[in-house]
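Encoded as structure tokens, the structure appears first; notes follow it.
In order of appearance the chains are A, B and C, and numbering begins at 1 in each one.
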Amino acid sequence: MVTETRLLEVENLHVFYEVYEGVLKVLNGTNLYVRRGEKVGLIGEAGCGKTTMLKGIARILPMPPAQIGDGRICFKGKDILDDEKEGVRMVRKGVSMIFQDPTASLNPTLTVRTLMSDVLKSEDPHMPKAKRNASMIEALERVAMPSAQRVLDSYSIQLSGGMRQRVCIAMALLKDVDLLLADEPTTSLDVTIEEQILDLLNDLVARSQKSMILVSHALGSVRKMTDRVYVMYAGDIAESGPTKDVFERPLHPYTRGLFEATPKLTGAGVSDGIAGEIPSYLEPPEGCRFSPRCPKGMQVCLEKKPPIFALNNRREVACYLYASNVGSIS
Amino acid sequence: MLPVCVERRKHLMRDTNKKILEVRDLKKQFKTRYGILTAVAGVTFQINEGEIYGIVGESGSGKTTVGSMITGMYKSDGGEILYKGQDINKPAVQRSRESKRAIQLVFQDPGGSLNPRQTIRQILSLPLLLHGRAKKGPALEDKIVQTIKKVGLPASYLDKYPQAIGGGEKQLVCIARALAPEPSFIVLDEPTSALDVSIQAKITNKLLELQKEFKLSYLFITHNLCLVRNLVHRTAIMYLGQLCEMASTEDFFTEPLHPYTKMLLSSIPVISEAEEKYKPITVRSIGEIPNPINRPTGCGFNTRCPFARDICKDREPEMIEVKDGHFVSCHLADT
Amino acid sequence: MEMNEDESHQQRARPRLDRFKRQWHKFSSNPLSLMGLAVVILLILAAILAKVVAPHPDHSGLFLDFSNANQAPSLRYLAGTDEYGRDILSRMLVGLRYSLGIGLLVLALSVPLGVLLGAIAGHYRHTWVDTAIMRSTDLFMAIPPLILALVVCAMFTPGYFFAALGIATAWWPWYTRLTYSLFTSLSNELYIKYAELGGATHWHIILKETLPNAVSPIFTKMSLDMGMIIIIASSMSFVGLGVQPPKPSLGSMVAEGMKYLPEYWWISVFPAMMVVLIVLGFNLLGDGLRDVFAIEEI
């Protein structure tokens, strides 16, 4: 059940990386929000900034090369960028994250029991051992893990990929968090297992009223899983809206190109892809970052960055093509 | 409007019916600490000249191992591999020069398959020299330039190191490297899986172009069913080292027969309603892929098959031709 | 998109230069690495120009001046004089030549041999070649290096070259081991497999495909080794093997000064400090190199 209260609100976020060649201006005033109980998807191709966004929210950006410039990230009403210590504390308490590669996320020298009890101990150091054990078994059962007891005593390398990811999900849900961040959680898994994991995530999140941000370049998974979706290109949000709507009627030329380029089960053939290349973050184009490649690019697109136009039905597009459609049915 | 695929289906027509590659009862096992891992448990199929043949499967299916044995990276443990009638079932070093030249390979990971300490020029000169397409000297440079242009990259790329170019372009270099010896048959193992969707489309298009231009045959190994749907002429699916089903792509996707095929097809996340309707009757995915070291007896899929019967646990099913060109290996299909 | 002759030649120069610039940037961001580099450059210059820069160059040979023996450091003799009245600073500078020289000589003798053996063993791993080479390596490593060096050195007339030979005998196995492990891990790389599949000759694979990817750790080790080699060389001079008197060597200078401690401390202490400086410089340089080569990705 999605409520109207905004659990997370990212406003005007600027993130850049200082590297040898100069400054990579990745995020340039990006906005995003997640309401309570809502599942939001963030899609885009490699290097579009979606992982940067996610890590920025989780406050795990590698701070020497990365720098947060302007902007606010409001979690539960409070700006977590404002006060360093307090912000990190809030995030550690209220947000958990699942990463792409479950093998890399689990320490191979520790048993699952140790890994999970570390999470529990960090939250409540005085929890009695029996209660901890019970919580762990319950968490594993919630993720449909067969033979939970045996798994607890195993090392992560003894488990299959799907089981490892289930352990990661169980660990993420051990704490009573408000927001779950998932960065490509099923990319390294097989298709049939992926379906099971996605259904599982869906179920767990829905039942516990948590919110979720799912980042993925696997468009189909996001379409299945989310209520609302943001499409990112080169650090900017191209468009956003209810998932079904965005997938059925993509508005931004980039989104259209992306969907067009994805091979379809209907057998329509191989598309030509999108002409051109992702711009360099060192010297991003003035104006709309997609304009050099856009088949419908206009002069104004090259000169000035388009604002986000709010259309009906919670659809937002950052494209001058829709300037006149503001407020009307698109 | 955005670019639309040209020649929607024309490329799917085959030129001749001559066999270029034939695989019979191919087997491969690995000895591990925990037991014998059966990677490939006896697969039989053939590829015609000018055909793009796709093998799909998840992890543990053995599809990559099949590709590796065809290119000679591994020695098989049984069965035959015939290239144009000639037996090539041995490691590459023991094969004839001609067959080494004619069969080439494109790996999945473009970054890892190019030597970071060599320039593109050096990387491309190796296959040209190895397979006798050119000798050292000015003629070599010309050939190298010719090769890189085949994939649409400019000659200025020759001086670059692989780290300086993007993923899609690296893969194009790998393809150029495979084309350098002027082969007839290329095994492509997940060539686009590591790339973004928009670049995948470009690479796939390039592969189709090259296939037509140089009259090549491809063995395309992937787990991406949607890609296979639009690219290959014939599709085969493997599970735990066995071939479950083989058919023309059209038949494979519109009338899947094997329960595993149905399960896989109904699990694919798709991006449009139109595609949802295209999926077969839903066979929900249950269970996990068993460990190939402890292969289930009988049909490898029986542990997860919703239609499994006793016979499935006892006997391995035979591959039978149910319809013209449509083969399936399932006890159910017998009825 | 054809390029004309000039442009394509310019392009040709750039990739290597770009790579070097990037590595330099990484290296110079660490002040300690820069310090190490500065110290090493300084020492090399001092060694080359020793006879020119030294205030009393003739003191490095046969020289006696008992009237000035055991003088404390002063403006005339910046590091004092030893028991024979020789200026310690000048002797240190000339001794530096021998120390650095021995370091380079040992590396020149042991690295090519060690790397070659390791490369061959790594390339032919799991065959008799591998076993033969690596077990021989183990044999040499089982003997303590200083002892081995001393034994070899003592078999010939003591002197500069044989001291280096002795140390090299103990040193090459480490390079063999390093190269072997590098080759073994590199053998899984796809581009190596590709070359093997195509039928490239073994030499091509060893020299052109694998070895270029293994040089970085080898260079790092060489730099880090310099310090250790110089200490061993100094130890050998300390016991009388190595450079023979009256030629100065840092180790023998320390040895000679031992009997005068603690009154005439400068005779031992200054040469010892020079050894410390050399080792520190090379270690910092080696650490810096290791950091640079660690992550080479753009």
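We take it that a residue touches a chain if its C-beta (ideal position, glycine included) is under 8 Å from a C-beta of that chain, and two chains touch if they have at least 3 such contacts.
Predicted, not measured: the structure shown is a model, and the values here were computed from it.
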Max Cα-centre separation from chain A goes to chain C
Chains joined by the largest number of C-beta pairs are A-B
Distance between the CA centroids of chain A and chain C (whole Å) is 51
So, in whole Å, the Cα centroid of chain A is separated from that of chain B by 32
Per the touch rule above, chain C residues touching chain B in the complex are 1-3, 7-8, 11-12, 14-15, 18-19, 189-191, 193-200, 204, 208-209, 212-213, 296-298
Touching chain C in the complex, chain A uses residues 20
Per the touch rule above, chain B residues touching chain A in the complex are 1-9, 58-59, 166-167, 196-202, 204-205, 208, 223-227, 229-231, 249-250, 253, 263-265, 267-275, 278-279, 285-286, 288-289, 291
The chain B residues in contact with chain C across the complex are 71-73, 92-93, 97, 100, 105, 107, 109, 112-119, 122-123, 126-127, 130-131, 154-156, 159-161, 163-164, 177
Interface with chain B, chain A side, in the complex: residues 45-46, 160-163, 190-196, 198, 217-221, 223-224, 247-248, 253, 256-275, 277, 295
